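Each chain gets a letter, A, B and C, in the order it is written, and its residues are counted from 1.
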Amino acid sequence: MNEFYYFIRNILLPSLFEGTLVSIKLIILSIPLGLILGVLIAVGRVYGNKIISTLCTVYVIFFRGTPLLVQLFILYFGLPSIGIFFSPFASAVIGFVLCSGAYHSEYIRGAIQSIKTGQMMAAEALGMTRFKAILYVILPQALRRAIPGCSNEIIYLIKYSSLAFMVTCVELTGAGKIIASRYFAYTEVFLVIGIIYLLMVSVVTKLLNMLEKKLEIPGLG
Amino acid sequence: MNKMQNDNDIVLRVEDIHKCYGKEEILKGISFEIKKGETKVIIGPSGSGKSTLLRCINQLTIPDKGRIWLGGEEVTHHKKDINRFRQKMGMVFQDFNLFDHLTALKNVEIGLMKVKKMDKKEAREKAMEELKQVGLERQADLYPAQLSGGQKQRVSIARALAMDPKVMLFDEPTSALDPELIGEVLEAIKKLAFGGMTMVVVTHEMGFARSVANEIIFMENGKILESGIPYQFFSNPKYERTKRFLNKITELYGE
Amino acid sequence: MNENLALIYQSLPYLLKGCTITIGLVGGALGLGFVIGIPMAVGQVYGNKYLSGLIALYVWFFRGLPVLVLLFLFYFGLFSLIGLNLPAFTAAILVLGLRSAAYQSQIFRGSIQSLGEGQMLAARSLGMKKSEAILYIILPQALRISIPGWSNEYAILLKDSAITYAVGVMEILTRANFIATRTYKPMPIFLACAVIFIILTYGGVKILDLLENKVRIPGYGREER
């Protein structure tokens, strides 16, 4: 038993530390970028002209219809054959942003479409351009309504960040596999890793709930 | 009799407006004009195209045929400038359409800040002034969900007035209100009319129409059937259909 | 371009064999999740504190861990620990199934709870035992309501099946990678692989939609579609 604790404290946790940092970096970059992309795609689908709207729809169909892992493989193993080279970290971030952007856009699009048409009419009646109306009247309301769905997607991203290892970016899961195979301690290592992910997810869930509370407006949502 | 008429400038001119939705022709050639300070009230059965007409005036709905002039400038066929024209036309909707994510004060401010590009201080002062005019300065920091229907409609009037429009368009402003709240909104609109604002009001409130209108326009099936000054209109309408409509309304609304 | 198309054409049989593996994975996991998920949902709604607490713990664990971590944990760790020597395919179905059970149980739980108390009360008042009420009254309705959520679960499982590449299951992506590394032509192969997934995902969901229409009770639940 002591051996077990010794292993965890002096060998496992320090080695996982670097991996955890990489995971955090991946997540911190991908979440905001994915959200922004989601907003742009959703607005493009609802308010764009035929061409923009169709392009956005095709994008969503592709990135929601294929596994994230396939997308990562195309980015890291596929693109070099046509001359585009991304590092493992960059491929992972790009893949996460493109993929979560598609999912976010569906939640946001649903929220935009749930806003009464009268809101846009009133904004235009005041003389606002379409763009201003979307920015100052539609999005502030739609984004609040999309928070539950987008929060869900953010939590998914934290878990699926583990796939970065499959394109050789050594984050938490990757670090774990390396240690586990060296010491043949798969069960111990991955239980600890599991706990770390559970902690990350709990903390972020708490933060997102606080955010939702803060943005609450009586009568909205 | 009703109110002062300042000069003879024609503020709004509507010429031969046609609009189809699919196969149905909703507006079949509407024309009228309105001088500065006048109030015209449009009445008629539902489906006669009254709301569509108002929305064609500020181009929220684009008419298929016909032209519109605001203060001598043509509004139709000017897609690029339409926002400039809309600033000069205030619209009040049946469903209020207040911006739900903003307080009453911010609802009035937002047009001033984002469209007229006023600075924050000026916008705030003007917005408070407009809210005061409709008697709602104490509700400035409440959200629409916290306001009664009558209060919401008064905020929406303040929001439209803050833009200093040349003409106000009211689309059945009291139809969505509970009966006891209608009075406060009609008072606010009357105050505007007597103060010299040029207005087009679509409504079922006959008592109100009688006391503020310079002219009553009766629309049916997309056409103007009859129009005239209130006294003559109510006591001696020309057409049988007008008489029947007026009778139905007085039955319903007990006037 | 032509050589790319030719390559795809030649690789199709091999890739499509991967389809059978993938569909086997998804079908097995969905089935396992269904069989375990329903009792779990019933247990959470109608069971006592301890039972529902235990179930909540299970759900928290299997939903909170990434799929990849679960696969590594079970396939390389726990299964060997208890001496279970399963081939990758079976192990993967087990892991994906246990995880799907966690998600499915919540879908069913939501559906059961949305029915309201009245249904159970009426059934009991007719003299039915709790278990009979659940079997004949609650579940038939709850299952129909669950179809949209379930169809979503199918789509998610289909995409997660690709992760079993990490434990060597010979599904579509593993085979695509195999071909790509041997022919040095990753792009056309991976794109073909993506298209196959798109067809399976949207096609499967379409089929489930048809199923939903077939078993729909008039006037019930979602009218739009």
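Throughout what follows, contacts are C-beta pairs under 8 Å (C-beta built on N, C-alpha and C of every residue); 3 or more make two chains touch, one makes a residue touch a chain.
Nothing here was measured: the structure is a model prediction, and the numbers come from that model.
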| item | value |
| --- | --- |
| Pairwise touch network: line, ring, star, complete, or other | line |
| Maximum inter-chain contact count - chain pair | A-C |
| Distance between the centres, which are taken as Cα means, of chain C and chain A, whole angstrom | 22 |
| Chain B and chain C: spacing of chain centres that average the CA atoms, whole Å | 56 |
| Distance between the centres, which are taken as Cα means, of chain B and chain A, whole angstrom | 47 |
| Residue ranges of chain A in contact with chain C within the complex | 61-62, 64-71, 73-74, 77-82, 159-163, 165-166, 173, 176-177, 180, 186-191, 193-194, 197-198, 201 |
| Chain A contact footprint on chain B (complex, rising order) | 58, 60, 83-87, 89-91, 93, 95-101, 110-111, 114-115, 143-146, 156, 159-160, 163 |
| List of chain C residues in touch with chain A within their complex | 60-61, 64-70, 72-73, 76-78, 80-81, 158-163, 165-166, 173, 176-177, 180, 184-187, 190-191, 193-194, 197-198, 201-202 |
| Touching residues on chain A, where the partner in the complex is chain B | 116, 118-119, 121-129, 132, 136-137, 140-141, 144, 217-220 |
